[in-house]
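Pasting in a structure now, in structure tokens, and then I'll have a few things to ask.
Chains: A, B, C, D and E, in written order; residue numbering restarts at 1 for each.
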Amino acid sequence: MAPALQITGSAAVGATTIFPPLRLEIAAGRWTVLLGPSGVGKSTLLRLVAGVETTIAFTGTITADDGSAIAPRVAMMAQSDLLLPWLDVFDNVTLGARLRNEMPDRARARAIVERVGLTPHMDRKPGTLSGGQRQRVALARTLMEARPIILLDEPFSALDARARAAMQELAADVLSDRTVLLVTHDCAEAARLGDAIFIMTEKGMDAVAPPATAPIRDFDASEVLDAQGALLARMRGAPV
Amino acid sequence: MAPALQITGSAAVGATTIFPPLRLEIAAGRWTVLLGPSGVGKSTLLRLVAGVETTIAFTGTITADDGSAIAPRVAMMAQSDLLLPWLDVFDNVTLGARLRNEMPDRARARAIVERVGLTPHMDRKPGTLSGGQRQRVALARTLMEARPIILLDEPFSALDARARAAMQELAADVLSDRTVLLVTHDCAEAARLGDAIFIMTEKGMDAVAPPATAPIRDFDASEVLDAQGALLARMRGAPV
Amino acid sequence: QDRMTVLLDWFVNPDHGPIIIAQEQGYFADEGLEIEIVAPADPSDPPKMVAAGRADLAIGYQPQLHLQVHEGLPLVRVGTLIATPLNCLIVLEDGPIGAIADLAGKTVGYSVAGVEEALLGSVLRANGLTLEDVEMVNVSFALSTALMAGQVDATIGGYRNFELNQMEIEGRPGRCFYLEEEGVPSYDELVYLANPETLDADLIARFLAATERATQFIVNHPEQSWEIFAATAPELQDELNERAWADTISRFALRPAALDSGRYVRFERFLSEAGLIGDTVPVSDLAIDVGAL
Amino acid sequence: MKAARQGALSTTLRLAGVTVLMLGLWQALVALTDTPAFILPGPLRVVEALWTHHALITHHALVTMTEVLIGLVMGASLGAATAIVLAASRGARALLRPVLVFSQAVPVFALAPILTLWFGYGLESKIAMALLIIYFPVTSAFFDGLMRTPGEWLEMASVMGATPARVLTRIRIPAALPALASGLRLAAVYAPIGAIIGEWVGASQGLGYLMLFANGRAMADLMFAALVVLAFLTLVLHAVVDKAAHWLVEHQTQSPDSKVRRIVF
Amino acid sequence: MKAARQGALSTTLRLAGVTVLMLGLWQALVALTDTPAFILPGPLRVVEALWTHHALITHHALVTMTEVLIGLVMGASLGAATAIVLAASRGARALLRPVLVFSQAVPVFALAPILTLWFGYGLESKIAMALLIIYFPVTSAFFDGLMRTPGEWLEMASVMGATPARVLTRIRIPAALPALASGLRLAAVYAPIGAIIGEWVGASQGLGYLMLFANGRAMADLMFAALVVLAFLTLVLHAVVDKAAHWLVEHQTQSPDSKVRRIVF
């Protein structure tokens, strides 16, 4: 059901290259993790897949292996939380259904809010939530979208280690069988979650071998720590 | 010149406790790192020190050891970047001086922008910057403030490993001799930068021993990795 | 050359013939006067401006003058421009109102609040009705249109030389009931007003002398005077003004400076009886003959 | 409860203070510019007239107030509805917006005879006038707000597969409420003027009629008494709408926005 | 260049379309409601009058345009300045705001004799009237914007030790520019009305004079011809101010805000 995606092409604004010609294969129903230095174009890539990028021009193709359109099958969690300040936590979480003129699945929403640990804050407006709480609301809102393709842009960046681990497990659970593209700066996260791991650089896209076990992995399993170390070394600029 | 700070008290909104009575000693001219689960009140604590918290009531005292007022000697980098969308990178970085009706130190601003790696983007408006680039602009703006007390609320959360390391080094360099209170979720960061490390929990404030060497430490020194491991274990909920 | 400012009561129209002709023919200049003519849009303004010292002369209405003097405005009539009433009670010629008595239960529109009620009341009383029998609506300056459109059944305040012609041109001729034939004491429709405390009798006498000469010219040369008048502004050159001009000539005061004290006494008493003013005041408080000063 | 009562008290006190201040200014203006009383009477004389004619003024004020309230509610509703239609459809924007500006460019006074022809000299034509005069500020302010929805929210909605109607009702309208509030505050000030103009065009009741009447009788003090009552009613209306607008905005959001108000005011 | 020219062309085409549409509506209205020509003449008669009197109308239109432009510039400047003063000082707010509302509550028409007494019958009193009428929308909209600065920015500024003046000039004013733009768009529509009312109060030139004059003579076609010209001038003024307002807002920010406009329009 969840398609594989293929991205081939380059992006530019006027004469400025945002990223050079590159090729990215995203396996169906798997977690593909994207790492890369700040400003290299990761968020742009996600926005191009979701079909919302309007200022940056993409030359190339973004296709699903089943040939259908991608945009209508996408759910995206952007880098900023985009909560609506006038809706409380519950209403923000169920926003998607409301916007589509559907009945929100209230029971499921309550369950997800419970799992992101915000049940006590269900009726609060986002203006009074902490940074990490807001991020969890945005995550819950994205998890509510039953879409085959999920794009996550640094979804756990504002969370402490414990909450981060819990949210990773929650996402892995809820999004099993979906095609997930996760952008992160956390090498441990990449090592833990990735079925495939790519590092995007100014020169192009490099594939990195993920740990041999299947995700979601234990964060202190030795192969995960090894993979994390290797990723860190590459990201920090050690010779490839 | 930079004072030591002492915080004693509790915070509440109406009948809701935000954090229980706690006590935090912040050494003069040192980096104090604060870890803690999301929503425990770290940002609130920083905002109370800066004197900008208006909705959450604090019962207790926040004092400097030299007895002078704290608020006028504070520079703060908040959890969101707060860039002004109509100013370009350079003008955002020099905003403080302009707001105080002073001549901005243009040479220093240029040097700092160079060190956060944004010289090529000097004339761009924040609307077109990537998340990590925006965070670096906010960092540069904070570093421009020559204040003795510096409050940093997850200042490196949107950065990749390499940029993060570089920004930590930059901050440690520019802010040497200042009293710094750093909130972070990154245990490696805490282990690398902290002269003192505290974990804030729902129950109060726990001090954690930092590595024996002086910061800023090498990220793969064994005592740093050990400290990081110990912090991670505690943060993830291993028995204290 | 002495300078004077004269405020008209309203935009330039044939009622102001003597002033315009005197200006165009150079009669003012002959009297050593340089006259600035200002046309306001609200007729209730000019008397106030003269009372406040903003101008030397204003054109006003005799009925209004009585009220203004009683309200304490420093004003006095120093000359007459139109020596008969122009006001009339107008109905549609082919409408249902054949006689004033038919107005029972009907709506009457008026434009300048003040004495219209008293005038109408007196007309109605002379025909066996009272003010209670009609509804009065202030229709501002849309007198003819309100009547032609059937929004009101009659209007008071429209001029016999103007509104009547206007309605005829529009194809809805009106019929006028002349107030002075229906129990209202005759009065001067348009008079020159000045501030009694500051007026310069000599200047005003010279002004009136020039307009008197102009009036004689108009009466003697109706066609030529129309040409001169119409040439002063393009917006005046139309059929309505031409017809109004002809109808107005006979209404100009031939002796603008002359004062008929009896008119002012009678009208003062009329207003007092109508309850619009309290005790009557002597004529000298209302009108003067500048030549006698 | 107590806080609310105290708030009301302090508002009353402030209003009283402002009233005194304005009376003082007025007296000073009269004295300094040496304006004669038949053009601008001093406050004392006007207060006297207020007292003498209070029954008359109350009667006419009630008439005007009715017109104003009905006109305000209808004009605000119509204006808000128009803004939503304009914001919802590009086609409506292309066609309707110039028509709207055009319609506003025609001074209502000029339309007065037409309005009275269609609506008569009763309440309707004044309501129509008040409605017409506030319709545009409300439409204009709300429309501007609706067109300023942050792009990221719209992008999010489009990724979520939102229907345009829902984007409007769930995102754009709530986000534009502060702008609507701004328009409503303006409308509160303009609605009475609309009603007055309506009365000037043709009426036998209302404060506007009373003013014309007093003006014709050269009773400057009565005219200014009516004016003062009108201004006072407007002030009250503005205060009420201001409170309602605050509530509208506060009620829907506990965002940083609302925090500011608390800090800055 | 080319794009701009094309844009101008399409705007012209659209305006032409809208004009035709409105003429049609007008004709339909006249026909349907059976309104007599002396109250609302059909468009054809008005076009005829436009042609017959074009020299006369042009002359008076130029006079009105001068008053409008001067009034607009002065009113917008004064309004913006007042909003800034109000936003800057709590004291000014407490005292001045009610005075402002009060002053607006007094219909300008009622002030006419006072204004003519003080300013005479020349250009000044018309400019004063246009100024008075646009002063409030500009003040009100800009002030509302100034009071809506996101609290986080203000907090940041206070931590930075900002002077209140600098917070105003560097943060609050730039952040409120979209609101000011909103007010200016309103002002563009109201300024001509102000000038017209000024002319009604006393003038011997200008479109307002021409209208009253034509009205007094029941020359409905000339009156509506003047009205059409006035409406057209207003439309042009609104378009120009709209462009300028866009520029004002776009120029200062490349924020998501400006992106939206590109998407939504």
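Annotations
FYI, contacts are C-beta pairs under 8 Å (C-beta built on N, C-alpha and C of every residue); 3 or more make two chains touch, one makes a residue touch a chain.
Keep in mind that this is a model prediction, so the values were computed, not measured.
Touching chain A and chain E together: B, D. Of all chains, the one whose CA centroid is most distant from that of chain B is C.
Top-ranked chain pair, ordered by C-beta pairs in contact, is D-E. Inter-chain spacing, taken between the CA centroids of chain B and chain C, is 84 Å. Chain A and chain B have CA centres that are 27 Å apart. Note on chain placement: the centre of chain B and the centre of chain D lie 49 Å apart, centres being C-alpha means.
In chain C, the residues touching two or more other chains are 48, 52, 142, 145, 149. Chain E has residues 39, 113, 117, 152, 200, 256-257, 259, 263 in contact with two or more other chains. Among the residues of chain B, those in touch with two or more other chains are 55, 80, 128.
Remark: chain E residues 152-153, 155-163, 165-167, 170-171, 174, 252-259 touch chain B in the complex.
Within the complex, the chain E residues that touch chain C are 36, 38-39, 53, 55-56, 112-113, 116-117, 120-121, 199-204, 209-210, 212-220. If you check the complex, the residues on chain C that touch chain D are 44, 47-48, 51-52, 64, 67-68, 71-73, 107, 109, 112-114, 135-140, 142, 145-146, 149, 151, 276. Partner chain E is touched in their complex by these residues of chain B: 47, 50-52, 71-72, 74-76, 78, 80, 82, 84-86, 95-96, 98-101, 124-128, 145. Against chain D, in their complex, chain E makes its touches with residues 14-15, 17-18, 21-22, 25, 33, 35, 39-40, 90, 93-95, 98-99, 101-102, 104-107, 109-110, 113-114, 117-118, 136-137, 140-141, 144-145, 147-152, 154, 178-179, 181-182, 185-186, 189, 192-193, 196-197, 200, 208, 211, 223, 227, 230-235, 238, 256-257, 259-261, 263-265.
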